[in-house]
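In order of appearance the chains are A, B, C and D, and numbering begins at 1 in each one.
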Amino acid sequence: MAQDKPKLKLAVYWGAACGGCCVSVLDVHEKLLDILAHADLVFWPIALDIKYQDVEQMPDQSIDITLFNGAVRNSENEHMAHVLRRKSRILVAYGSCAYLGGIPGLANFYTKEEVFRRVYEESESLDNPQKIHPLPENEVTEGHLHIPSFYNDVLTLAQVVDVDYFIPGCPPQSERLVEVFMDIVNGSDLPLKGSVIGASSKVQCDECKRKKSDKKGITRFYRPWEVTDDGMTCLNEQGILCMGPATRAGCGVRCVEGNAPCRGCYGPLDGIGDAGTRILSAIASMLDGKEPEEINRAIDSIVDPAGTFYRFSLPGSKLRRKVS
Amino acid sequence: MPINDEARVGFYICHCGHNIANMVDVTSVAEYAAKLPNVVLSRDYKYMCSDPGQEMILKDAEVFKLNRIVVASCSPLLHENTFRNATAKAGINQFYFQMVNIRENASWVHEDKELATVKAKDLVRAAISRVVFHKALEKKKVPVNPDVLIVGGGISGISAALNIANAGKKVYLVEKDPTIGGYMAKFDKTFPTLDCAACILTPKMSAVLKHPGITLMSYSEVAAVEGYVGNYQVKVTRKPRYIIEEKCVGCFACIDACIFKEAKFSDEFNEGLSKRKPVYIPFPQATPQVVLIDDKTCIHFKTGKCPQSCAKACDRNAFDFDQKPVTQELEVGTILLCTGFQPFDAARAPYYGYGRYPNVYTSLEVERLVNASGPTGGNVVLRDKTRPKSIGIIHCVGSRDEKTNKWCSRVCCMYSLKLAHLLKEHTDAEIYNFYIDMRTPGKGYEEFYDKLLNEGVHFIRGRVAEVSDWAINEHEKGKLVIRAEDTLIGMVRRIPVDMVVLAVGIEPGKDAQDIRRVFNISCSNEGFFLERHPKLAPVETFTDGIFIAGACQGPKDIPDSVAQAGAAAAQALALIDSGFVELEPNTAFINEELCCGCQVCINLCPYHAITFDETKSVSHINEAICKGCGTCVAACGSGAITQNLFEDQQILSEIYGLLVE
Amino acid sequence: MKYLYYPGCSLKSSGKLYEISLLAVLKRLGVEVEELENWNCCGATNYMSINESYAIEITARNLAIAERMVGIEMIVPCAACFMGFLKTQKYMESDPVTREKVNDLLNKAGLSYTGKVKIRHPLDVLVNHLGTDALAKTAEMPLKGIKVASYYGCQLIRPYATFDDQWNPHTMDDIARAMGATPVDWPLKSRCCSGSMTSTMTGIGLRMNYVILKEAKSRGADVIITACPLCQFNLECFQGKISRKLKEDVRIPVMYFTQLMGLAMGIPAKQLGLKQMLSPSLVLT
Amino acid sequence: MSTIENSNKDWSPRIIAFFCNWCTYTASDLAGVSRLRYAPTTRVIRVMCSGRIDPEFVIEAFTQGADGILIGGCHPGDCHYSEGNYKCLRRYHLLQRVIGQMGIDQRRLRLEWISASEGKRLQEVVNEMTETLRQLGPSPIKEVVQTVIK
């Protein structure tokens, strides 16, 4: 039985993340006990007091599975990505940020200077008359201080290190995590390296229960609060921009089930080169209008098209970031 | 980029004589290609499309175990099929072939050999990068419906109809006017032989009517066309004549009985030089011999208060005042468009006074005037019934002119000579031809010009500036004065004449743009239908199974129109007799494993080829209906749709190949 | 209804009677005009033949000043000015090099022109805006039985104007008809009057005016009406000389179409400047 | 690096041109047959219909180093497939917004309707676009994409 086998060593780490992914691990609730029956948690900053040094001293390949959540935003994230890669047999990019850049990745619409100016000079809640910015290196009387350096570009985990698997979601569905984990424990055949796991091979609409028809013909888009959703019809057909048609399923259509449009956190299907252009094309294909004016009127009603289509995938997209 | 180790590419670059080799360094491209991944063999050759060129592919394929072929030469629209066939002969699936256009897209349009060579290398790299991901495909064969639709019943349409029907095929001949015959029916004599137009045309018109293989649909227009080569569905709308065509025998009793005792409406057939009644037949030999009612002038239709004396005079009860347009559906395999031209509107050249001075005529009006069955019985008289003693014929009216039409209308010089001869014969007037250049390229044409020179007709070489009634001396009083530069003597001349004939040019028909849209073909800039290739495919269009003949393709005289009609008929017959057509397998298909059933694609398809399968909750493309535009492919958020020959990976590889060395 | 009004130099000097009669007629018709402020020469003849770009540039200045009056169309009565304005607009619209150069110069002068000014000839305004029916209603003293030969000259309708038929113009005939007169059809409506050749190559100039006067007379016209100050000047001033030289009486009243209109409207001859005419125009009154 | 940059000529932009088979590709053939000279900057990719052009192709071409993208289709109402060009038009306008937000000069992407008979128009468009791109200079996109700034 399982108890006879040596326990797996499990690590969870967060890069540039909101913490939601870590919470999603906790959200397995009592299943955590099942997991812990088969695994020891050897590193998890949010829950365990294990220092970076401890991890650095672990033998290489000694961690069986590392769930790395969060994007790579600064030198600390990158350093730990390299360390954990070295120490882990299986490195999983866990959640949208590690997978495609996620919400922190939207910062790629700006430069580091713009971010700093906003945060340290213009923010409404700020009192910084001298416009002091953090310095990565600093000499003080007590000695040399340094903090991680902030990168200009937000990166996905795979842009920094070799990644074995990707589990999408903002956050990933806890049930999926348990399933994946138990598969590993039970010694099921592991999927091909580089696969997206814990998610469907079809897009959201496949699981979405709303009524869909071939009549799209969108003349303008509405934000969800601007119209009364009938609760039954495809949101796009009601003019509420839903990323479902180009977003991988696996979350259980949670947002749409909750009458909110899909935001695209599960990313595109396998083989799709660029999540943003894929949904862009699908949405444009639902538009009505033959005159540029009509078409542009409809487009005007999309708030922040690029931010919408690349909401979770900008660093992982073909362009990666704003060009200039 | 992904790679494919299996692919063994044979690359060939064509010199096309000097056409390519002069502007693209073909040897350097061949050497460059040899070093590209997957390329096993790279050669340059003088003429790849020649037999030895194709033979070379065949031999190389065997010796070098090639499984992909790339040829850099001319446009794929010209020779893709040639090389696909060569590829197939070499035992390789014909779709493992990619063509690179370095002639039309490079050597012919650039002036810098170095840059043109760089461009050729980029294009070659892209094709090689793409062909590696090609898939083996089969062309689908579909049977060809042997029935033929011919649109337009002028001399071209008539000739083509008889050609095809005589070969035992069924022909539908659709004519928008009440009678077939077209413009030729209006002519008196034809150049250069001066044989009577009616004598050679009317037998053909009645042959059309009598031919068991031809269904003549006069006073009808094509409303819609669907389908594809070999299998077109056509909707034809028959306009109401208010006469039951099958019952009318053409006795004309109704015309005599019309409440209008005198004809008072402009007669279209006689170019308005005579009058007709609301119930009429365009001309005595009209085919079919069926009268019709013009509902715009008929008292019954205007007021409802006509005793309908016409209908009462008909002993065959052929009248039906309640007729409505009727739409009929036809199924045909091929279509010939012979929709003709329209003469240039002389009012658009106001400096020649047409519409302002009554004695300025168009050539077409004069055709009717000299015609024995015309409004004056062949008696050439002016509007005041006097006989002109001097006549000026102005060539190139509306033609070869930046302000109107730039092209030469090709027929005006010859018909002007013909009219000069006929007018001389009928009136013995002094005839002056004002020409820019005398263009008489045709069998017996130059000889005809020679004959006219000896008949005492005057020829003045120069463009006419204006026609006016401004007399500056007694000699010019009461005459029309033609002012023109005589370039042969270097003087401006004023020639006073009694009658001016404007040799109006040939223009695309006023409905040419509508017709083009209905049949999904292209027009050239000036508005004539565009042939597939100006030399090698002059009667084909870019839409397979649709052919063009006659003046709808460009200005043409009768012999050329008839010849072209024959060519178009032969093309149609060749297609029919091959029994089937091979369709390009560039259709799209849906991977059901990926389709989510969002139905975004369904309405994008103009052919309704995509349907939603409720039970499986996936969409499905009927590949027999799909025409391969690929619009649905780009719309699919799941990437579930693939277009054969234009797969995402193939196009992305092409992009990569173009940009990355 | 209000228009900007660009008189140009002729209407303030040799063509004074054109201005007087035009303004009188427009006033009668309730058309308000405001003279373009601080206007300059339109650049016709001398400028245009010596340095075309100068001509374009100074006309552009007038256009730039006019453009400040947003939404108002500008009446330009002199045929030479009218063509000059249309030509400038055409060049600026279709030739980027000219446009850039002219705009640079305008900018230096603190001006700018974006192409919004609509130039209209009085004939255009009268016939196409007010309409001949409205005009006919103002003809208190219809000119019954008077035969009128309309003469446009060479540059009023060619090559840029679109308000009339370039080959057989009719707006002046329409006006004459509305005033109760009978237009005669004649083929020399837009033949050249020789322009300034009457002073530089007198023989040719007189000959060209002769054919026009003679043809109008032989067609039975009682009066020639025109819309161009230079045409009016040539035809009127030299007709005595021509008659004497060629021993053929080609004398005929030559007046501005606005003077003819004024007569029909019952405006006193004096207010139309008819008393200052050289040709025997008063016979009409 | 493109072969063009390797040549010792003055810098010349690279335009990836997606032409529909029926109108614009045919127009480019016509330009060839008519020997209309134009700048050697375009690299044509033939698709059956402008409706096939996936916005991803445009982005891919930019990231691989294209300085401009020219899309050529049939005039409105003249599409060989009835309305594919309108579908292209809708995607084009939305894509223009997005590339604008991405900091790409919108003049680098151009859509033109060029019919089979408009070889001359094709010549004009290519020369015009070449001139525009010359003024804009080399596209920075490829370098930005390939150079991570930390």
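Operating definition for what follows: contacts are C-beta pairs under 8 Å (C-beta built on N, C-alpha and C of every residue); 3 or more make two chains touch, one makes a residue touch a chain.
Computed from a prediction, not measured in an experiment: that's the story for all the values here.
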On a CA-centroid basis, which chain has its centre farthest from chain B's?
A
When A-D and B-D are ranked by contacting C-beta pairs, first comes B-D
Centre distance in Å when chain C and chain D are each reduced to the mean of their C-alpha atoms
51
Rounded to the nearest Å, the gap between Cα centres of chain B and chain D is 31
Mind checking the centre-to-centre distance between chain A and chain C? Centres are C-alpha means, answer in whole Å.
76
For chain A, what residues touch not just one other chain but two or more?
273, 278, 281, 285
Touching two or more other chains in chain D are residues 54-56, 60, 87, 91
Listing for chain C: what residues touch at least two other chains?
none
Pairwise, which chains touch?
A-B, A-D, B-C, B-D
In the complex, chain B residues that touch chain A:
593-604, 612, 617, 634-639, 648, 652
Residue positions on chain D within touch of chain A in the complex are 54-56, 58-60, 62-63, 76, 86-87, 89-91, 93-95, 97-98, 101-104, 140-141, 144-145, 148-150
Flag every residue of chain B that touches chain C in the complex, lowest number first.
350-351, 356, 466, 468-470, 472
For the complex, which residues does chain C have touching chain B?
165-168, 186-188, 211, 215
Chain D partner, complex, touching residues on chain B are 75-78, 101, 103-106, 108-112, 114-116, 118-119, 121-123, 126, 517, 520, 522-525, 530, 534, 542-543, 586, 604, 606, 627-631, 633-635, 643, 646, 648, 651-652, 654-656, 658-661
